[in-house]
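What follows is a set of notes on a single structure, which appears directly below.
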Amino acid sequence: MKLLIVNPNISSSVTNLIEAEARRVALADTQIEMATAASGVAYIETRFEALLGAHAVAHIAGERKGQYDALLVAAFGDPGLLELREVLDVPVVGMTEAALMTAAQLGQRIGIIAISRRITAWYRECVDRYGMLGRLAGIRHLDRPLRDPGTIQEDHGAHLIELSHRAVAEDGADVLILAGAPLAGLARSVADRLPVPVVDGVSSGVCQAQALTRLATARAQAGGFAKLPAKPNAGLSGGLATLLLRE
Amino acid sequence: MKLLIVNPNISSSVTNLIEAEARRVALADTQIEMATAASGVAYIETRFEALLGAHAVAHIAGERKGQYDALLVAAFGDPGLLELREVLDVPVVGMTEAALMTAAQLGQRIGIIAISRRITAWYRECVDRYGMLGRLAGIRHLDRPLRDPGTIQEDHGAHLIELSHRAVAEDGADVLILAGAPLAGLARSVADRLPVPVVDGVSSGVCQAQALTRLATARAQAGGFAKLPAKPNAGLSGGLATLLLRE
Amino acid sequence: MKLLIVNPNISSSVTNLIEAEARRVALADTQIEMATAASGVAYIETRFEALLGAHAVAHIAGERKGQYDALLVAAFGDPGLLELREVLDVPVVGMTEAALMTAAQLGQRIGIIAISRRITAWYRECVDRYGMLGRLAGIRHLDRPLRDPGTIQEDHGAHLIELSHRAVAEDGADVLILAGAPLAGLARSVADRLPVPVVDGVSSGVCQAQALTRLATARAQAGGFAKLPAKPNAGLSGGLATLLLRE
Amino acid sequence: MKLLIVNPNISSSVTNLIEAEARRVALADTQIEMATAASGVAYIETRFEALLGAHAVAHIAGERKGQYDALLVAAFGDPGLLELREVLDVPVVGMTEAALMTAAQLGQRIGIIAISRRITAWYRECVDRYGMLGRLAGIRHLDRPLRDPGTIQEDHGAHLIELSHRAVAEDGADVLILAGAPLAGLARSVADRLPVPVVDGVSSGVCQAQALTRLATARAQAGGFAKLPAKPNAGLSGGLATLLLRE
Amino acid sequence: MKLLIVNPNISSSVTNLIEAEARRVALADTQIEMATAASGVAYIETRFEALLGAHAVAHIAGERKGQYDALLVAAFGDPGLLELREVLDVPVVGMTEAALMTAAQLGQRIGIIAISRRITAWYRECVDRYGMLGRLAGIRHLDRPLRDPGTIQEDHGAHLIELSHRAVAEDGADVLILAGAPLAGLARSVADRLPVPVVDGVSSGVCQAQALTRLATARAQAGGFAKLPAKPNAGLSGGLATLLLRE
Amino acid sequence: MKLLIVNPNISSSVTNLIEAEARRVALADTQIEMATAASGVAYIETRFEALLGAHAVAHIAGERKGQYDALLVAAFGDPGLLELREVLDVPVVGMTEAALMTAAQLGQRIGIIAISRRITAWYRECVDRYGMLGRLAGIRHLDRPLRDPGTIQEDHGAHLIELSHRAVAEDGADVLILAGAPLAGLARSVADRLPVPVVDGVSSGVCQAQALTRLATARAQAGGFAKLPAKPNAGLSGGLATLLLRE
């Protein structure tokens, strides 16, 4: 299958991190294609930036429509995930959702490690949107300026491990999610230094996309994810307008 | 004060309904200005359409930045509300949020009357985002094709009243919200035919905007609605880019 | 409109604080009248004291029935609010409810600053009754003996500001409520020393009363706030008995 | 032990029903004394009437202070229960709370059968106050005028049984509470016509009061049920003022 | 009545502690019989150990079927409680459930003191199963190796009291449960050193069993605790197979 | 990888259904081995039967320890899932949990179709244990006697489809789970007759087991799923005793 992975941030250095981690868990017959948002910000930390990211992802999803068998929204917080699930005929997977649903099968209480204080409000609302707030042990976060999203792992690796230990010891986390695309791959490299299973959003996303594709469930024709009702529209780019077609 | 009311739909007929109702509750010193989304759909019923609407509202909010003292997002579901609250220095009010917070002061259990089945999933998530699901008696909805958003009141008025009665008798609603900008003004005209208080999103929005403006609270400098962290961006329209400035 | 503001405590010094803050946000055509409970305690901190306060407010509300267009219960915890909403034909507003519904439009997570440890249990249950516990970031409180309810602001101002800062930094509050009628007006005077919007119960209550009056919704004829069923009663004061009449 | 049972309604016919059921489960060494509210209404259905009832119960509790080893508030909805628990040194039990905690040990989902539509809003909030809303299968209710609270069982017995059956079959109740003091004793007489255990508030209350007395836990000196803080009061009857003393 | 108390652990020293506390609150006509699990572990701290304990309790319950009027599962966490409630015709009571329902009538927020860190995950899920998570102030725990379940009280008494004080002061507990059968009787002996009521699971269980027996509600014939549907079974011990009979 | 699938029921006809569906989604390098409970009942509908099933699964898991890379508990309700997750070093997957986490990525509100009324109470508690009650649209169920668990699909197929349609139209389900091992494979065969995606517990379980294996997270050394504390045990079968070893 062809899996289109879209980075909703404009940072190609992060796109590279995502791709490297994605390839580590891709099955032999999974073809990975990467895309990076053409508009938006360097790394999403807020609801407003997520709106920009969602719009950019939707644009790409529309432009490449028909060229992929599944789509992975590759920013924690899943900008545009539920929105695209309404308009695409293929599985749409998000890093946060996939990480949560994976982590939920490894422990009862889930701790999240985040890259900034500001980002935690958005993450918490995201967990809540999926109805998983009751499973959340807590969100711990870095609290220092970020030089570059592409170098957070090397700049702050030790601190992230320390936060992880505190999430287990103080928050009662059974399982951890290292959150944010800039941390893609970190779970793998630090796993043996942490006392509980550690989940990576990117590899969870790829594995969940592979699982959903294999299960091959049908597209919704009714309910809250059926095709959009036909109605007038205006002023949309070609990519976005394509997503409104009901063909 | 200058209150900018933005219709996130492209329907100018609905903008007119909104304006008429808004003027009925505006205080003498409230100057109302209307704007209609330049891109998007005729009436938002889904998460994806709300994403388009949020983007269009943000564009207008940015372009006119500095020209209004408060902004009202005038579609039920509040596309872009929390996002804009992060980036604007003035109060930002939403029809759903304002209607819920108003209704909550008139009764304990709130019933919502909606214009289509499809729209209910989005509304329910919106109520949930505000933490008010425990107050929701239920959402009842029209279930017939909609000819034109500007004529729903005349086309379906009797049915909307019947749904309202059932929300009280069967769902236990103490207070009702007639939801959706296409219903602007209906609460006023049918109030004497309904057994509980009826709340209109537009007039609630105007009154809450007036209340917030009078209270004159300060803009957040910390927490989840502080100004956005400074960082690189790309590919954004002038209106949107303006909203990222931290001046 | 005539707004009757009732202090459920017997402290006239607090009544004066309430009146001063109320007049600051009253519209030109809002006539404010004050009343102080004739029975009860100096300042309510517990459920039992709130029962006394509720009874005293009801007595006043009945005695002056017909002489006001809206009533504001001016103690945090809203003693008698839902009860009076059942029996009065005019809007009834409470300091806590109004503050919460206002704060909810300024931030997602709400912090409350209280005047004593003991009072926090009652406040928490009050927030819960309104279904807003999911929005509560936390309640922080003074923990020293209170000399006089009328001088808490000057006696403990610095400590209240410190608690406010901790509510933002440690509890993640986006917006704060300085709770309790003895703190009326403090939000206004300390706003520029706090990093998030600060809400005052009294001025929120006045503004919400003005909003509800302007919206002019009808009185409930059905549901949980309809007029009381007719039935025998005995042993009630004239004020209370008046409230049971169904005229 | 001496158990004071207070009917918060003014109906002595209901007091008799309560007493008869209470005596059926009283242990040999339990002395039951009855009291009837001197002020209030014939039967409480609303929050406002519950306020009147709570006040009347408090008055009696204060007047007879020192003459009982436990107190049972004998109206469903428990008017004054938490309030009195703050000020009395002996166990205070409520019909609703006792019935819920008893029923919770007989089944996972609890159905409540009530005597009027109006009363259900108050009951639901009461269940919520005890944190048991997640255990509630539903509340079903009579919907006809009530001739006399003392004759509801004979007037509406068949309908109450029918409602009970529907609560099991349609709401999934594992256990039922026949709610309201006017139904005291009914559970016993109809038990063999119902397919699940049926709980009576009065006998549950007596048995829980006996259990709490036997356990002989200490009175709270800290937390939300410690003695009230000392402070000025005014205008209270002797019974109420007694409850404020800290001796 | 005959009350069978089953210790789901294999520790007879703990059985002795349980029996001593049980006899202190047993009524004159309550005959207590003790049983100790023949298989399982020394003290249950985990879900897996609770499964072993539940199986062992069920075996005993089946073997002695018909010889008791009520059964008390005497390990905190209530292994097998809901399961046995489905198959036995007599009241089945659990230490945790009984303690929670008792504590709920003594305070609004309940603190639990536990004997190890590991045990807290299981306890928390148990509180959640009963829908009481909203009433939980917190769980505090010993964090040292346990020499012998029969000597925890003497080995760690001072620390348990310290944890209790912190639960009141820091978690806001109104009432405490000293959890775990190894702590049976401790609440009684330390009550005068603690500032809030303290509940013991064993004595709560005995008192609740006595209350339920006196109320004499009928066995469920419908709903989630009706007799099991008839169907083939295989490979079960005589005790277990007896519980499947529908006679 | 070697995936051991254990049927906690004694029905080998159901084991065959499970195996057939499992093989349809197994990857080329997944070796499936089946096991059937040696003790228990024909099909689990109740908590008590689930206890028997959990015990039987644990016995098998212990006996074959070291011979599989992942284990799938193949009865809806997941008997023994969390318990085994504590004691095994490999991923343990449950049909319900896997189906829920899969369905959650296909729609927001999940409907469950069950094979009997009695089973629904157990299912509901299972959904609650995973914190997913807020995502549950409802549980609909067959209500007729079941001839044989192996023939439910042919006996009741039309009715199951009808229930599915009602779950979408009346409960607002976006996605459905056909629950219970006896329905293994049905989702696949009826997918084109249903308007929303349909999830099968067995194939979801296999795909999630494959995903978890590929992600290769480490075994918990801390938290609520760490190895069991060492302590005395007695009376256990060899299989069960093996699971207590800490080697």
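As written, the chain order gives the labels A, B, C, D, E and F, with residue 1 at the start of each chain.
The rule we apply is simple: contacts are C-beta pairs under 8 Å (C-beta built on N, C-alpha and C of every residue); 3 or more make two chains touch, one makes a residue touch a chain.
What you see is a predicted model; the values in this text were computed from it and never measured.
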item	value
Contact-pair overlap exceeding half with A-F, pair selected from C-E, B-C or D-F	B-C
Winner on C-beta contact pairs when D-F is weighed against C-D	C-D
Most distant chain from chain D by Cα centroid	A
Cα-centroid distance, chain C relative to chain F, in whole angstrom	52
Distance between the centres, which are taken as Cα means, of chain F and chain E, whole angstrom	29
Chain centre separation (chain A, chain E; CA means) in Å	43
Residue numbers of chain A (touch at least two other chains)	82, 108-109, 121, 125, 172, 174, 223-224, 226
Pairwise chain contacts under the document criterion	A-B, A-C, A-E, A-F, B-C, B-D, B-F, C-D, C-E, D-E, D-F, E-F
Interface residues, chain B side, partner chain A - complex	10, 37-43, 45-52, 54-56, 58, 80, 82-84, 86-87, 116, 118, 121-122, 125, 128-129, 223-224, 226, 228-229, 231-236, 240, 243-244
List of chain A residues in touch with chain C within their complex	120-121, 125
Touching residues on chain C, where the partner in the complex is chain B	25, 27, 82, 85, 91, 93, 97-98, 101-102, 104-109, 130-132, 134-135, 168-169, 172-175, 187, 191-192, 194-200, 203-204, 207-208, 210-212, 214-215, 217-226
Residue ranges of chain C in contact with chain A within the complex	108-109, 172, 174
